[in-house]
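Written out below as structure tokens is the structure these notes cover.
Naming follows writing order (A, B, C, D and E), and every chain is counted from residue 1.
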Amino acid sequence: MKKIAISNIEKLYNEISSLQELYLPVKKAGATNFAKYENGVDVDIKSLQTVKSAKDLFFPQSEDMIDFKVSGKNIEIKDARAQSNPFVLFGVRGCDLKSFEVLDKVFLQEPVDTMYKSKRDAVTVITLACNNPESSCFCKVFGVDPANPKGDIQATIVGEEMFFEPLTDKGSELLSKLTTLEDGDEKAVESEKKEISQKVEKLPFVNLDLSNFKGENLMELFDRPEWEELSKACLGCGTCTFVCPTCQCFDIRDFETNDGVKRFRCWDSCMYSEFTKMAAENPRKTQMQRYRQRFMHKLVYFPANNGGEYSCVGCGRCVKKCPQSLNIVKVIKKLGGKN
Amino acid sequence: MQKLETLMLEKAKNLLSSGEVSRVLGWKKGELGYDVEPSVFTSAQSLDNFVYNVFCGANLSKYLVQETKKEGKILVFLKPCDSYSFNQLIKEHRINKDKVYTVGVECQGKIDNYKLKENGIEVVESFDEEVDFVTVNGKKFTKGEIVLGKCSVCEKKLLDYDEVISINEKRSPDKDRFEMVKKLESMTADERYAFWKDQLSNCIRCNACRNVCPACTCTKCVFDNDNSGIASKANSDSFEEKMFHIIRAFHVAGRCTDCGECSRVCPQHIPLHLLNRKFIGDINRLYGTYQAGEDTTSKGPLTDYTKQDVDPSDVFGG
Amino acid sequence: MQEINKEKKPLIVAFCCNWCSYAGADLAGSSRLSYPADVKIIRVPCSCRVNPMFILKAFQRGADGVIICGCHPGDCHYTTGNYYARRRMSLLFSMLDYLGIERERTRVEWVSAAEGAKFSKVMNEFASKINELGENKRLEDLRCKN
Amino acid sequence: MTNEALIPVVGVITDIRKDTPDVKTFRVVTPDGKKAFEHMPGQCAMLSIPGVGEAMFSITSSPTNTEFMEFSIKKCGCVTSWLHSCEVGQMVTIRGPYGNGFPVETAFKGKNMLFIAGGIGLAPLRSVINYVRAHREDYGTVDIVYGSRSMDDLVDFKEIEEEWKNEKDFNVFLTIDREQEGWDGHVGFVPAYVKEVNIPTDRTAILCGPPIMIKFTLQALLELGFNKEQVYTTLEFRMKCGVGKCGRCNVGNKYICKDGPVFRMDQLEELPSEY
Amino acid sequence: MQKIGVFVCWCGSNIAATVDVKKVAEVLKAEPGVVISENYQYMCSENGQALIRNAIKEHGLTGVVVCSCSPRMHEATFRKTCESAGLNPYMVEIANIREQCSWIHKDIEEATEKAIILGRSAIAKLKLNAPLTSGESAVVKRALVIGGGIAGIQSALDIAEAGFEVDIVEQSPTIGGNMAKLDKTFPTLDCAACILTPKMVDCAQNEKIDIMTFSEIESVKGFVGNFKVQIRRKARFVDEKKCTGCGECMQKCPSKKGLNDFNMGLNTRPAIYIPFAQAIPNVAIIDPEQCLKIKNGKCGLCAMKCNVNAIDYTQKDEIIEREYGAIVVATGYKPISLENFNEYGYSSYKDVVTSLELERLMNAAGPSDGHLVRPSDHKEPKVITFIQCVGSRDTSGCGKPYCSKICCMYTAKHAMLIREKYPDTEVHVFYIDVRTPGKNYDEFFRRAVEQYGVDYIKGMVGKVYEENGKLMVQGSDLINNEQVVIPSDLVVLAAAIEPNPSVRNIATMVTASIDTNNFLTEAHAKLRPVESPTAGIFLSGVCQGPKDIPETVSQASACAAKVIGLLAKDKLKCNACVSHSDEMLCTGCSVCANVCPYGAITYVDKEFRLGGGKTEVRRVATVNDAVCQGCGACTVACPSGAMDLKGFSNKQIMAEVDAICKR
């Protein structure tokens, strides 16, 4: 167990970033998101949550895939996928960490997504326990312990100090290189964790009942009349999907540059009306259908294919960010069981 | 202010039971007190969840585009700012007015949920609204401290309605609507560039600003239309952030009622209203004061002209 | 002032209305009144045909300056087109300025069919201004830079 | 095929055949003249033209064809229109194979087969039919019911007439929607024709065509006494990645690009009807 | 797959001298879609066009790019060429590599590179072209002539002669214009009235011609073949149909102090008056500012006196609407105001007059009954000095930069007439140049000098001042290189002429373009001198540029010929490059209709299938192809991009932008 005084933490950032690229929550223009540590950035480790989740680091908003050169009838293909250098991702909360598991199930399943994998392999994750979980948090429902996020290194803030505990070889290796850290005592951390656990128990959504999302009642849930009312106010924007740490739908698009065509993939949203649109048909015509798809996927379809693992980690971003206050909690309360 | 809600509920129940309307567009109770959501109520029973309070910031007018295509009449409660959007939509033939029963409701500013959080309020257990103050969980705030940006500069009036439910005089704005626009205009170009670069680089292109905007009611947005030549999804270059927001602001220029929904819904807190407000400010300055949505017939400033209009080369910021 | 790469000459896109400014450009040509080859003209029926999309697209694609030329106000072949264009461009350019993009990169000029000399003068002035400003950095799309 | 699932290889169109007024068949090989990859009947490939778009097409040629792949493509969207306007020698990009394909080696083996297609729906079936022809000993009687709007809209008419009809134990039933000069065959819609022909219920049926045709033909088959477990079809959906990751073709717990596009009718019943 | 042919024109050496045309052709040949790329000396020549035609047939071209002169020059030519070879004429794009490239650049490499880019841009646009066909619209067989001077009269007469109906709208109470004020005309010295008044009478008597005097154009809507014009018939307080022109009322009118406009304000007239004896229509008019009855209700003498009850003090302006197939603008000119020329003392001294005033002073029907006397004391002037180019060829900004064209000749005429009638009068003329091109013009001028002994002094006048009852004209004699001062009794200023100020308003209404001097612009300076760039608008007389009478009359007739050519058609081909609305995108918001200057956009409620058996009724825009002129205002107003312009579509223009920016 190592520790550092929070007042000294810039030194730690500097030291890490001298070893590897360091990504951590940075506040810019009033919003905190994961960003590269550079001189002068406003590191915001106190905020419980970034707006965009940490998935951005492995599955960025948009990334280049291929550069095509086209001349006459000829096409030349040039792989444009960037190889990732080792980097440190600092300040990942328990929910986001859990989301990596969910994403792995998609991207690391055969055929392995190399763009994702290269970044996933390159990362050393330093998690951070949530001292003050918010009312919108319900990670516990999905088995996340916000007091104990098991990254490569687990960090916990106790008072004016931050404690570090390596949990993997990768973590130990990194930690051993960090000279700015001093030895710390586990006791303080343990009591902080207990305190967090107590706080978690008091959160309003901590006892959401998921018992009805079983798998065998897929069609019954699909046909539930409540979807209509649940989705009524949905604007069909992509806010929930884009802030969601587990949403991973993407689009593959071409952009004509001045000397060729760049193919890139970028985030897409099943909430968008164009998402499933074909030349003549659109299997999901109404916003209700699209809304239902998103939550059915998270709570029913995904678990059906992944041993009961939900594609939601209870981070509560959608609870906070939906323009019209629609969210998965409302869905679970309506359809999940005894809520 | 509880009385307003009671009056509205009464109205809704009466109209529903008399058969005058078949549906009611209003706000529904949330899970945490502040997270009310727009909803369509179809029965007296469903109205049990109906609320109208200081958290009902959402503009309901845009829902009417779809709702008025359905059978039967719908009752809608419109706050002053919503009614401007409503008028603008009527002007643009997007709403069938015959299918709406409009009730204007008093609004003294709605709470900004982010500001609530900043003040440490996680769950709303109790609240009490007065014209200039609001007390949440026993903590008293002036409206200026806690309301949405759009509400602290609101100069909007209750426009024409089928009916009005209002008890108190409207609160006057806390500050000048163009304060921030002017501040930006007084900066150097480099400072402005830096400001917007920071702001817009946060954009995740979730399209919340567009989809919530009552002026954005295109069947298919140019940015979703692969044939438009400017279709784009996630920003894959900083240019696309600017492109999207400039074009969006331009497309609603002269039509934007400054309802502030774009900024309210932005998950990254980008002050998008400052773009629209820039156009509004320029329009007021160059072509005479114009408030979109104030009426349902006037020509918008971009579909109008005078022979004496200034030349683009003579237009300077501020 | 930025140093412009000798290899990379500035690029100016000029949208000219068919009836006045394009004819004015033709007159500049037949009068042999030169202006830099950096200026490339796109013919549009009227200045009111110029969509802000075109202007942004030009910058995206690597233009360093965009100029819109139309009939003098009052002389529009379509009566009112340039009046609308005038308002649209006033607002758009003011917005670009608001976003911190150099004001001088965009310009509107009224050039009649009889003003070949003016056309040439305007283009010379504009080109030298753009030269002075250097490469467009604030409205560039890095994907289009090669 | 490379495991770099989203990165295609270059393909060259070496032949373009106009089948009907709006269907063309494209022959694609790699620049060195080889088949881009091996596939099973019913599987698909992603073809793209950089800057125009990428789209999933059913591979029409049989896996037994060792020289090239063929795609019968109906002009309907952006990519297809572009392909229809291109010429021999045009390069495209190709990646695949995608999807489950027909269970030719398992469920179909030893069975009497019934193929029912409407219009361009023959394209995915052609690959199975020719596979069955190549492995004639593994399958029993083959009935083919194929209908189209008009004579001109019958895809692969030449192959049907000259080859399929002459194959041993092959019964080909052609029909067109309306009377037409020069046509002395059957006139009428496919579902009705299926009932008319009264095909024995010991067949394993494969249906492919427009949704409306599938709906009524399935009904006809059920009326004839077929079980849903005997009937297969292949779905069409918008796809982007082809490997079950982009989320687009997710219906229920299935990804059409990966778990489909071939489904048995009873399996489909367990899925939400969003296809 | 598109098959594009590129044809690069040398234009002799016009292009080829600065642009490496062979290289351009070669480089463009490599562009995707281009199957043939040729270069030729003159593409517009018969051989050049044959080259294009053959290529279209031989290669089955789907589109043609011609790199040549401006599309304003030969686009129509090449469209016809392609059409004759079976290609849709709108599958042609022109890359302007002459006016916008070879003629303005000197460096061959630079010009060649630009020509290639312009060619690529045209190819990029062409690839998105779609074959267009133009609709047809009917032609209203009636013409409107705005202005009733000699130009308007001649045009109207010629059009009427061909059998079409014509309306003349004249803002003053009579037709005749400036020519009616003239005394004699050069170079033959016939009396203006003698040759003009018969034409005026012809107009009045021609049943195809309807004369509306004291009337103004209120608004013009529509387009070639189908103009809708509102005409304001201003109240003249006299019933035109009843008045016989007896003139009785004029005699009785007590309010006689009105300035006589016809005599350039050199004398007075009553409040009710007929502008001049031969006025057409020969009908009185009341000046309401001057009429005692109208101003304060006390009088009414004229009404009492009128035998036919023609007087109507309550008459109001009346607006009538008529439809026309063609409009002739013949608004003429007026002398410029001389307020910027104080050095000549025009506003200070009564005896400094303009040439047009001199015309009236010498006219038998003028204020002095044809005796040339000084306005100040009505004495015969003994020394008369003419000053030329007052405000003409003036680049100082006080006057006009152009030559007024008529002054040299009329001054020679005046000098000659004075010397003829009053041989003892000294006549001096200060001139800068004497310009006398024209049949018998120079002979005429030489007669003035040689036969009539007019003293021509080459030089400018510095100032005119009064001394001892004489007007001292101080100027320089450039030939003798000396300052001269000529004590004169009368000074005549050859004031520059400028277009009638009403032309600005009219030009805006008919959407004709105007140059910096307010002269109307012709469609082509040399090849289409009597047409405005706006279809259906024609130019007659001085409104297009300074002209003397013979030139005006010939242009007026030329203009009439063009009008007749138009009216003779039963149908006109409409513009093919019109807007259209994509109904799948249109939201029916009406923004487009708000900016359409032609009212070409209307809305319909249309049912659309939503799939799943559902339908939806939506309000969508439709464009009237016959009315749309293709400006494109709607396309930018439309936020959804539903409105697009054929021939200049969003995609086409963006493709041009892309092509230009690729480097």
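Following the convention adopted for this analysis, a contact is a pair of C-beta atoms (placed from the backbone, for glycine too) under 8 Å apart; a residue touches a chain by one contact, two chains touch by 3 or more.
Everything numeric in this text was worked out from a predicted model, so none of it was measured.
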Separation of subunit E from subunit A in steps, with touching chains one step apart: 1
Minimum number of chain-to-chain touching steps separating subunit B from subunit E: 1
Farthest chain relative to subunit D (centres taken as mean CA coordinates): E
Identifier of the chain whose CA centre is least distant from the whole-structure CA centre: C
Among all chain pairs, the one with the most C-beta contacts: C-E
Chain centre separation (subunit A, subunit B; CA means) in Å: 30
Inter-chain centre distance, subunit C versus subunit E - centres from mean C-alpha coordinates, in Å: 29
Cα-centroid distance, subunit A relative to subunit C, in whole angstrom: 45
Whole-Å gap separating subunit B and subunit C, where each centre is the average of the chain's CA atoms: 36
Sites on subunit A at which at least two other chains make contact: 73, 251, 255-256, 258-259, 268
Contacts with 2+ other chains: residues of subunit E: 595, 637, 650, 654, 658, 661-663
Junction residues of subunit C - those touching two or more other chains: 52-53, 57, 61-62, 74, 80, 84, 88, 143-144
Of all residues in subunit A, those that touch subunit C in their complex: 255, 257-259, 262
Parts of subunit B lying in touch with subunit C, wherever the complex brings them together: 184-185, 189-197, 222, 228-230, 236-240, 242-243, 246-247, 249-250, 253, 275, 278-279, 282-283, 286-287, 301-307, 309-313, 315-317
Touching residues on subunit A, where the partner in the complex is subunit B: 28-31, 33, 51-52, 61-62, 134-136, 204-205, 229, 232-233, 235-239, 241-243, 251, 253, 255, 264, 266-269, 272-274, 319-321, 323-327, 329-330, 333
Residue ranges of subunit C touching subunit E (in the complex, touch as defined): 11, 13, 18-20, 22-23, 25-30, 32-35, 37, 40-46, 48-54, 57-58, 61-63, 71, 74-81, 84, 88, 112-115, 120, 144
Of subunit B, residues touching subunit E in the complex: 69, 91-94, 217-222, 225, 227-229, 251-252, 299-300, 302-304
